[in-house]
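In what follows, subunit A forms one complex with subunit B and a second complex with subunit C.
Moving on to the complex of A and B:
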C-alpha cells in the first residue's frame, strides 16, 4: 500500500496524480479518505464532519446535474439542492454554505466571473475568491473533475470531496463512488445527525487561500 | 444532442449564470428560419469575444452562428489562430484541432457521428484561418475534398498570419508588405476557390462578410449541400485591421472596397449540377412551407 496521502494543499504547483502515487479506487460499497480505502459509512460521517467544520462549505454541481438531460439528472439536482438546504440549516452563525455551478468546461476567459461559477481550467480562482475551505464536486465528468481536484490540491488548502457517479476519484481527499439520489440524501441525513456535534474551525480557518 | 435536452434542472436554475439562462430562454436553437435578423432580438450563440475592437472576424462569427441551420446538432472544428480565441465563447459544440489538421479531424468526426447517430442530421463545419487552411493544413484540406467528405470548410481569409504579428501566408496578395514580411510577397495569392472546385467541392464561394444576408445565404447553402451531397468551401475575407494599418471602424469599408467587381473578393460562386438541383428542391420546399404558414395564419385571423 502506498504511503502517499491525499491531503489538503497547497501541495505544489503541479501535484502528482494520486493514481501515479499508488492510490487505488474503492470497490463498490467502499470509499476512500485521504487515499485510504474506508467503509462507505465512515466516509459519510467524515464528509459531514468536514462540511460542518468548514467556514465556507461549498457544493459544485457540474453539467451532469445542472442540465436536465434525463429524469435521473433532474432528481439528482433536487437531491443536491436538498443537501445544500440541509447545510444551511445545520451550520452555525459565521459559516456560509455556497452552491456554485460548473455549467460547462469551456475556458471562458475573459468572460467568466469566478465568484459565481467555477471552471475546471482555473478552479482555484473560485476557491480563492470565495474563501472556500471545503467543497464537494458532483456531476462533473471524470477528466474535468480530476483536473479541478488536482489544481485545487496544488494551489489551495481546500478540502475536496467527490460524489462520483462512476468509480471514484483518487485526487479528492474523500471520494464516494456510484453516486445516486439515495447517497446524496444519506449524506444530507448524516449532516443533520451530526449537527451540533462538530465545532466549526471559524477562527483558525485559512479560508482556502494559499499564502 | 437535441434542443429538448438544453434544459436546466429546475432545482438548480437560480444558481446558473444569466448567459446560460438566456441561452435556454431565447436562443434560436431549433428555429427553422433562424438567420442574421435574429441578432438583437434573441440570445446570440456567441458571448463576449476576445478579438480586437472592430475586427471583421467578430462580425463573421456573429453572422455565421446566427445562420447555421442546425446549431444544436452541429459540431464546429477550429484551428490555431484568432478564431481559437473565440471558440471558448461559442455555444455550439466545437473542437480545437492541431494547427492544420482540422479537415482530417472533421473527416473522422463526421463519419463517427454518422455511425453513432444514424438517422439524425449532424452537421460538421470547419472554421479556420488562411494559414491553417492553405499553408500548414493544405494537405488535409485537399485530401478531405478528394475523399468527398460531407462537411463544410470555411476559411477566414485575412491574407496573413495575424495572430502572430503579420507573417506571409499563401493567401496574401502579391507584393504585399507586412510587419513580419518586409520583402513583400513574391508570388500570387493562391487560388484556393478554383482548386476547391477542381478538387471536388460542390459549392464554392469567395466573398467578404460585409453583407449579413449574403453570409446567411452562403452558410445555409454550404451546410445543406455538404449534408446531402459532398464537400463545400467558403472563403470569406475578414481583414485584419491591425495588420493592414486600419482603424477599428474601417474594417467594413475595407471589405466593401475589396468586393468591387474587379477586386480579389468580388463575389464568385460555383455550384455543381447535383447541388443546383438540391438548392432548387430546398427553395421549392421553403416556398411551399411559407405558403402553408401564410394560409394557416389567414385561417386563424379569420
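Moving on to the complex of A and C:
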C-alpha cells in the first residue's frame, strides 16, 4: 500500500496525480479518505464532519446534475438542493454554505466570474475568491473532476469531497463512488444528525487561500 | 438511455444474446477451431458488439481488415468503410468514438507511424478505441516482415498497450480489452499488438466462445468526458483552452490533463489484472536464470527453456502481457531470485530490455538479447546459445546457418 496521503494543500507547484502515487479507487460499497480505503459509513461521517467544520462549505454541481437530461439527473438535482438546504439549516452563525455551479467545461479565463460559477480548468480562482475551505463535486464528468481536484490540491488548502456516480476520485481527499439519490440524501441525513456536535474552525480557517 | 445490465439476456438484430462478459469469457462453452490470427480477429469482432470499424490496407493486417468487411456485410458491425490513409482512419475513428460508438481498427508498421499524431489525441480525449497493431518493419528499405520496433513508439502515447503471444490471446484480449478500456476510470484507447505474420498468418487451434453470444454494448454515458454534441464539440476543447492562451493557468491545466491520462493508465492496472489474470505470467521464478519476453518471443523462450532442461540447465520464464500499464512490481518480484535475466526481442533497439533495466534492482543482471529484426526468425537455439555463453558453457554457433 502506498505511503502517499491525499491531504489538503497547497501541495506543490505541480502536484502528482494520486493514482500515480499508488492510490487506488475503492470497490463498490467502499469509499476512500485521504487515499485510504474506508467503509462507506465512515465516509458519510467524515464528509458531514468536514462540511460542518468549514467556514464556507460549498457544493459544486456539474452538468450531469444541473441539466435535467433524464429523470435520474433531475432527481439528483433535487437531492443536491436538499443537501444544500440541510447545510444551511445545520451550520452555525459565521459559516456560509454556498452552491456554485459548474455548468460546462469551456475555459473562461480571464472572463469567468468566480463569484457565480466554477470551471475545471481554473477552479482555484473560485476557491480563492470565495474563500472556500471545503467543497464537494457532484455531477462533474470524471476527467474534468480529476483536473479540478488536482489543481485545487496543488494551490489551495481546500478540503475536497467527490460524490462520484462512477468509480470515485483518488484526487479528492474523500470520495464516494456509485453516487445515487439515496447516497446524497444519506449524506444530508448524516449532516443533520451531527448538527451541533462539530465545532466549526472559524478562527483558524485558512479559507482556501494559498500560503 | 438503457442501462447496460438491462440488455443482458436480450438479443441483438443478428440474434446474438448480449451476455455478461465475465460469463462469456470464463463460463461459456468453447469450441476448438483451426484459424489464422487474421481469422481470429474477425471471429472476436463478430462477438464484440462493435459499432464502427474503419479500414485501410497495409500488410500484414489487410486480411483482417477485409474479413471484418465480410462481418459488416453480414450485419454484425454498425458501419464499416475505408479511410483515405492511416492518418485519416485514425482521425475518423476519433470522430466515431467522440460520438459515442464502440470503435475498432487495425494497422501495421508504417501505417502506425503515419497515424501517430492521433494516438496521444485519442488518449487525451479519453476515447476507448481498440486498435490492432500487427507489427512489421518500419524503416527504409521497405520491409513487410515481422519486427516490433513500432511498439516502442506507442509506449508513451497514453494508450494502453498489450502484446499478444498467440491467436488465443488475440481472441480473448480483443473482447476483454474493451472491458478494461471502457471502464469510466480508465476510458483510454488500447493498442493490442502482435507480431505480424507469426500470429496473423499462421494457423493455430483457438478456443472460441459461442457465436450466438456477444458483449454488452458500449455505454457512452459512463464516459469521463461528455459525448460530442453541438453544445460540446471537440473543437472547443482543442481550440479554446491551451493553444490560444499563454499563461500559467493554461499550462497548469494542460499539465493536470496529462497527469490525468497517465493516472487513467495506472487505474487500468486493477481492471487488467482482473481480466487477464495478472499483467504477467511467470514460471519457475525460483530459477537463477530467467527469460523475460513479450509477444512471440515468449514462445521461442519457452522452447529454449525446454532445450536447456535437456542439458540440465533450469530456467524460468516471464511473459509480459501488458506493456502499458507496465507490470513493474510483478517483474521485480518474479526476477528477484535471478542472477541472469535474458530478454529476447524482435527489434533492433531492445526497448523491452531497457524497460526492464529501469524497473529492477541490479540491472546489470539483464542481458539485452538475443535480438533479431527485419523479419528474421528467432530460433530457440540462439536463446540457448546466448544463455550458455553468459554462463561460460560451451555452445555452438548458428552464424553459418543459411550459407
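Here is the rule we use: the second predicted complex is superposed on the first by the 210 of 211 C-alpha atoms of A that agree within 3 Å, B and C clash if a C-alpha of one lies under 4 Å from a C-alpha of the other, contacts with A are read in each partner's own complex, and residues count from 1 in each chain.
Just so we're on the same page, a residue touches a chain if its C-beta (ideal position, glycine included) is under 8 Å from a C-beta of that chain, and two chains touch if they have at least 3 such contacts.
Everything quoted here is computed from the prediction, not taken from an experiment.
Once the shared chain is lined up, is A:61 touching subunit B (first), subunit C (second), both, or neither of them?
first
Identify the partner contact of A:25: answer first if only subunit B is touched, second if only subunit C is, both if each is, neither if none is.
Once the two structures are laid over each other on A, A:25 reaches subunit C alone.
Kindly classify A:88 by the partners it touches after superposition: subunit B alone (first), subunit C alone (second), both, or neither?
After superposing on A, A:88 lies clear of both subunit B and subunit C.
Regarding the shared-chain residue A:78, is it in contact with subunit B (first), subunit C (second), both, or neither?
A:78 contacts subunit B only, not subunit C.
For A:7, decide between first (touching subunit B), second (touching subunit C), both and neither.
Neither subunit B nor subunit C is touched by A:7.
So, A:107: does it touch subunit B (first), subunit C (second), both, or neither?
both
Return first, second, both or neither, reflecting whether A:117 touches subunit B, subunit C, both chains, or no partner chain.
First partner only, subunit B.
Do subunit B and subunit C touch any of the same residues on subunit A, and if so, which?
Looking at subunit A, the two contact sets intersect at 106-107, 109.
Per the contact definition, I'd like the list of subunit A residues that touch subunit B in the complex.
61, 65-69, 73-74, 76-78, 80-81, 99-101, 103, 106-111, 113, 116-117
In the complex, go through subunit C and note every residue touching subunit A.
1, 126, 183-185, 187, 222-226, 231-232, 236-237, 240-241, 245, 247, 249-250, 252-253, 255-257, 259-260, 262-264, 266-267, 270
Mind listing the subunit B positions that touch subunit A in their complex?
Residues in contact with subunit A: 5-12, 15-17, 19-20, 47-48, 50, 88-89.
Across the complex, what residues on subunit A touch subunit C?
The touching residues are 14, 16-20, 24-25, 63, 70, 104-107, 109, 121-122, 141-144, 146-147, 150-151, 154, 166-168, 170-171.
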